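I have a structure I would like to understand better, so I am pasting it below and will then ask my questions one at a time.
Each chain gets a letter, A, B, C, D, E and F, in the order it is written, and its residues are counted from 1.
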Amino acid sequence: MLIVVPDILPRGEALALRDSLRADAWVDGNVTSGAGAALAKRNRQLPEESPALKAARARISAGLAASPLFLSAALPRLIAPLLFNLYGEGDAFGAHVDNAIRLDPGSGRRLRTDLSATLFLSEPADYEGGELVIEGDYGAAGYKLGAGQMLLYPSTSLHSVTAVTRGERLSCFFWLESMVRDNEARALLFDLDQSIQRLTIDRGGDDAEVLRLTQIYHNLMRRWAEA
Amino acid sequence: MLIVVPDILPRGEALALRDSLRADAWVDGNVTSGAGAALAKRNRQLPEESPALKAARARISAGLAASPLFLSAALPRLIAPLLFNLYGEGDAFGAHVDNAIRLDPGSGRRLRTDLSATLFLSEPADYEGGELVIEGDYGAAGYKLGAGQMLLYPSTSLHSVTAVTRGERLSCFFWLESMVRDNEARALLFDLDQSIQRLTIDRGGDDAEVLRLTQIYHNLMRRWAEA
Amino acid sequence: MLIVVPDILPRGEALALRDSLRADAWVDGNVTSGAGAALAKRNRQLPEESPALKAARARISAGLAASPLFLSAALPRLIAPLLFNLYGEGDAFGAHVDNAIRLDPGSGRRLRTDLSATLFLSEPADYEGGELVIEGDYGAAGYKLGAGQMLLYPSTSLHSVTAVTRGERLSCFFWLESMVRDNEARALLFDLDQSIQRLTIDRGGDDAEVLRLTQIYHNLMRRWAEA
Amino acid sequence: MLIVVPDILPRGEALALRDSLRADAWVDGNVTSGAGAALAKRNRQLPEESPALKAARARISAGLAASPLFLSAALPRLIAPLLFNLYGEGDAFGAHVDNAIRLDPGSGRRLRTDLSATLFLSEPADYEGGELVIEGDYGAAGYKLGAGQMLLYPSTSLHSVTAVTRGERLSCFFWLESMVRDNEARALLFDLDQSIQRLTIDRGGDDAEVLRLTQIYHNLMRRWAEA
Amino acid sequence: MLIVVPDILPRGEALALRDSLRADAWVDGNVTSGAGAALAKRNRQLPEESPALKAARARISAGLAASPLFLSAALPRLIAPLLFNLYGEGDAFGAHVDNAIRLDPGSGRRLRTDLSATLFLSEPADYEGGELVIEGDYGAAGYKLGAGQMLLYPSTSLHSVTAVTRGERLSCFFWLESMVRDNEARALLFDLDQSIQRLTIDRGGDDAEVLRLTQIYHNLMRRWAEA
Amino acid sequence: MLIVVPDILPRGEALALRDSLRADAWVDGNVTSGAGAALAKRNRQLPEESPALKAARARISAGLAASPLFLSAALPRLIAPLLFNLYGEGDAFGAHVDNAIRLDPGSGRRLRTDLSATLFLSEPADYEGGELVIEGDYGAAGYKLGAGQMLLYPSTSLHSVTAVTRGERLSCFFWLESMVRDNEARALLFDLDQSIQRLTIDRGGDDAEVLRLTQIYHNLMRRWAEA
C-alpha cells in the first residue's frame, strides 16, 4: 500500500525547515546506499554533524508521532534516523532497491526496511523533474508532493528519482520497520481500522459491532505483529 | 471454537429419523476408530449396508446445506460420510483423539479432520449419562443437546462420551475438512461474518463500510482458505 | 502484480470472436456477482447455452495455454469457466470485490479467486467510457486495452467499470486459482523466472549460475505452491 | 489454553499482600484500559507511586519465576509491570478486549499481549459477585480462585468481571508476551513438556525416547519461538 | 531427511523384476527431464507402452503400500507413475534439479515433487560406477543400495548419477507429493512417530503418555498436512 | 546447511590462541549443558574469569566479522558469548541436543540457538578420536578440521564428540541466533547470494539481472528476516 500522508508538517513549517537545512554543508549522497545502487546515485545528503540536523529531526519526529494516518498505515516498530537529501540540477537517482537490513551506525541497532518514506520539503514549483517514481505491482507512477506532505511506500518496490532539470529539491527520507512486515496484511489492518473509526463515529465506542470488530483487529495484530 | 447449531433438523424429524434407524442392524463401533482409541470404545454403529442409512444421510446433508450458521462457522471443504452411533446401557467412549487424516473407503478420498460434529437424534430425556465431554482449551465441558441440535467442535480436542446408565442415545456424527484449517482464523472469520450480517441489516448491502468489511473478509479467505 | 498480457489472441481473431458472440442472446449480468455487488452492476452476460460460447472458450483457452507470459505470471492451478460480458450505452459496474471462493455450477468444483483477468475483444475506438478501474495498493488506474490483449490482476483489489457513454464493449473475463496464492510471492517468482530466461539466453542452460537459480526457483515453488 | 496455576503464592502470603496493599491510595482504574473499554470499567487501581507497590511486585515476580507450571505454560518473553485492582461493592468491568500492543510508560518498551493473568489476593469468601468471566472458544466460564492462585488465559478472549455485590476483591493482573505467540502451538508445547517430564521420571533423562522427544520439543521451539 | 527403506521388495523379487524389464525396448531417458537437465542426461528409460511395465508398477506399488517405514517417513499424498531407467556403460546423469511441479500426461494430474525415490533393482556387484550422489545440506554423499532397497530423499537437493564404467544398473524411480511439504516438519513427525511406536510397545496403546503424544502427532498433522 | 568456514583465523594465530588458553584453569564442562545432556558430557570448559578469555573472544569475534562466507551463510542476529572446551584423553560428549533458548547470564539476554559453531584450535594431528559427529538429515558424518577452521551447522541436529584416545583437543564453540530461523530458507538465501556474487563479477553491479536478483534477495529477506 502506497499512501500520501498529507499533513506531517504545515506547509509554512516545511518550507522554513527547508531554508534552515539548505545553509548547511551537504555531502555526496552515496554514504547511505547499498552496493548495487552506488553507480546510479547522484545527489547530496546532510552529514550527521550538520548543525541544523538535530532540530529538523525532532520537529519531523513530532509530526510523525502526531499523525493518526501515518501511525495506522505504518504501524511503526522502529524508525531509522531521519535523513535529508538535496537534488540540484542534473542530480538523479536511478532505479534501485533498498537493502532489507540497515545498521544505524549511531546506535549499532539494525532494522528491517519494510517501508520507505519521503517527506517533501520543497514545493513542486521549486524544481522541474525530480519525480519520485515507484515501480509498484501495478506499474510505475511518479510523485511530486507539496511541502509538508509525505509519501509512504513498501520498500519492496524498485524506485528512482528522475533528473532535476531546473531548481532544487530538498526532502527528508527514512526507512521504518513495521510491527507487521507483510504489506498486504498491514494494508488490511489499515482498512479495518478505517472502518472501525467510521463505525465508532456512527454507532459509538461501546456498540456491539464496534467491540467485535475491535477484538478482530487486535487479534489480527496478535497473529501478525512483533511488538 | 465450539458452537451449538440449534436447527439442523426440526425436533420431530430428528426423532422420526431416530426411530427409522433404530430398527436397523447395528454393529460394533470400533470399525471407525483409530488404533489408540479402540480399547476405550464400547458402542454400536450403523454399517454401510444398513437400509435406512441412505435416506438419513440425504436428509441430514440437506439440513447442513441449509444452515447459514453451520456454513459460516465450519466453512466446509469436504464432509466425510455421515455416520451413526448408538449407546445403550453401559456403553461409553473413553477420552480419545481422532486421527488427523481419514480415508473414506467408499470413495478412496482422504480428508483432514479439522472439525467434528455430533447431531443428537435422541432427546436428553431418553437416557441418563451419555454426555459428550470436550476437553477444550478452557477445561472440560459436557454436552447433551436436544434432538435435531448439533455440536460442532475442533477435532484437535480430546473428547469422550460418558457411560449411558439408562435408556439409549442415538446420534449422527461426522468429521469435516474446513477450507480454513486454523481454528482461531476460522473463528475470527466467523465473527467478522456475524458483524457484516448485522451491519448489512442496519446499513444496507451497498454501504461503504459493509463493502470494505466484505472485501476484508474475502481477502482473509484468500489468505487462509483452500477451496 | 498487475500485468498486461499483450498477445492472447491476434487482433483480427479477437474482433472475429467479438462479432460471433454479439449475435447471441445476452442476459442480465447479475447471475455471476456476489451479494454485495448486485446493486451496482448493470451489464449483460452470455448464458451457458449460448451457441457461440463453446468455440470462443476453446479458442481463448488455447491462447492462454500458449502464452509463456501468462503462465509464468499466473502459475494457474484452476481456471474458472471463461465468461463474456457486454456493456452497452449507460452500462457500468460499480466498485466491488469478487467473492474469494466461487463454485462452478457446471462441474460442482470450487476455486479460490486469486487472480482476475479481462481479455478485451472490442477495440478502444469502439466505445467511450468503459474503463476497467483497478484500485490497487498504489492508487486507482484505468485500463482500456486493444482487442486480443488481456489484463491480469489480483482479485484482492477493488475494481469497477466506468459507464459506457457511446458504443459497445465486449470482453471475456474469468478468475483463476494460482498454484501460489500470495501475490508478492508469485510476483517474486515471476521476476526470478524472467532473470533465468535472460541468463539462459546469455549463458546457456547448463551454466552453473543458471542451474543454481533454477534450483532456487523450483525450491521456492516447493515451499509456496499447491500443485 | 486457559490454566489455573495454583501456587504462585502461599495463601497466607497472598492475604498479607492484600492487607499491605489495601491501605494504599487507589485511583480510578481507567488509566490502563484501551479506548473501547473505558465506558464499561468501574474499579480502582494502584498508582505507580503507591508505597506498597514495589515490594508486592517483587514478591509476586519471585513467585512467577519459581513456578515450573507457569513457565512451561506461558513461555514468557516479556512480562508487563504487574498491576493491582480493587473491586468494591457495585464495581464491575464489562466485556472487553485488551489492546494487542501495550506500551510500558516506565521503560518505553512495547509488548504484545499474548496472555493475560489474574492472581487472586482475596479469598472467594471475601466478596460476592466479582467473577472473572472468560468468553473462550468453548463458551463462557466464570472463575473465582483462592488467594495465591492465578488464572492464565489467552488475551484473544473477550472477558469481564461481574459486579461485586458484597465485600471487596483485590487482585494482581498483568499481560505477557510469550516466546510462542500462537495459542495452539503453545498449548501443544506444554503438553509435550508434560509428557517429557513424566517419561523422565519413569525412564530417566538419558533414555533414548526422552532424548528424542526433548529434541522434538526444542526443534518445535526453534520453529515457533522468538527469544 | 534422507532415508534408506531396506525392504520394499525381497532381493529375489527385485532381481526377477530386473530380468523381466531388461528384455523390453528402452528409449532415450530425456523424455522425463526438465529443460535445464537435458544436456547432462545419458541413460535409457522404459516407455509407457512397455509390456512389462504394468506388472512391475503393480508389484512395487504393493511393496510401498506395505512398508510402514516408507509411509511414516514420506506421508505420501500423491505418487507419480513409477518410472524405470537403465544405465549401461558410459551412461551418467549430471548434477540437476527436478522440476517442482510435474504433469502426469496419462491422468492430466499435476503433483508437487516433494520427495524423490530410487528403488535399486540391480545388485551393486552388477556394475561399477553408477552411484546416486545427493548434494544434501550436509555435503554430498553417494549411494549404491542392494536390489529391493530404496533411497528416499528431498527433491530440493541437487543430485546426479556417476558414470557406469562396467555392467548395467537398472532401477525404478519416482516422485511423490507428501501430505507435509516442509522437509523438517516431516522429519520431526517421523521422529515423533518412532517414539510413539516404541512407547506403545513399552507401555501399551492406552497409556496416558502414549495417548497424549498421539494427540500431539495428530494435531501437528492438522497444522501441517494437506490430505 | 552444514558448512566449513575455512579461514576464521590463520593457522598460526589459532595455534597461538590454543597455547595461550591451555595455561588457564579449566573447569567441568557441564556448566553450559541442558538437563538432558549432562550425564553424557565429560570435558572441561574455560570459566568466565579466565584471564586469557577476553582476548581470545575479541580475536575470534574479529575473525567472524571479517568473514563474508560466515556472514552470508549464518546471517547472524545475536551471537552468544564464545566458549572454549578442552577434551583430554578419555573425554567425550554423547549424542545430545542443544536447548532451543539460552540465557546469557552475563547480559541477561536470551537467544534462540539456530546455528552451532565449532572453531578448531588444535590441529587434527594433536589428538586421536575427538571427532565432531553431526547426525544430519542425510545421516551422520564426522568432522575434524584444521586449526583456524570452523564448522557451522544447524542446532536442530543431534551431535556428539567421540572419545579422545590420545592427546588433547581444544576448540571454541558458540551458538547464534540467525536473522532467518528456517534452515532451508537460510540455505536458499546463501545460494542466491553466491549467484549474485558470481554474476556481479561477470556482468557488473549495475547489470539489469544483477539488480533484479538483488531485489529478489532483499525482498526474501524482508519476508523471512528478523533484524
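Quick notes on this structure:
Just so we're on the same page, a contact is a pair of C-beta atoms (placed from the backbone, for glycine too) under 8 Å apart; a residue touches a chain by one contact, two chains touch by 3 or more.
Bear in mind the structure is a predicted one, so any value in this text is a computation, not a measurement.
Looking for a copy of the E-F interface in B-C, A-B or A-C, one arrives at A-C, which has over half of the same contact pairs by residue number.
Of all residue numbers used where subunit A meets subunit F, under half belong to both copies. The two sides are thus made of different residues. As a whole-number value, the distance joining the C-alpha centres of subunit B and subunit F reads 51 Å. For the pair subunit A and subunit D, the distance between C-alpha centroids works out to 39 Å. For this pair, subunit B with subunit D, the centres built from the Cα atoms lie 33 Å apart.
For subunit B, the set of residues that touch two or more other chains comprises 156, 182, 184, 215, 219, 223, 226. Looking at which chains touch one another, you get A-B, A-C, A-D, A-F, B-C, B-D, B-E, C-E, C-F, D-E, D-F, E-F. On the side of subunit E, the complex with subunit D involves touching residues 184-185, 188, 191-192, 194-195, 198-199, 208-209, 212-213, 215-216, 219-220, 223. Per the touch definition, subunit E reaches subunit F in the complex via residues 1-2, 134, 136-139, 141, 153-154, 156, 182-184, 187. Here subunit A touches subunit D in the complex through residues 77, 179, 205-206, 210-211, 214-215, 217-219, 221-223, 225-227, going by the rule given at the top.
Within the complex, the subunit D residues that touch subunit A are 34-36, 38-40, 78, 94-101, 110-114, 155-156, 158, 177, 181-182, 226.
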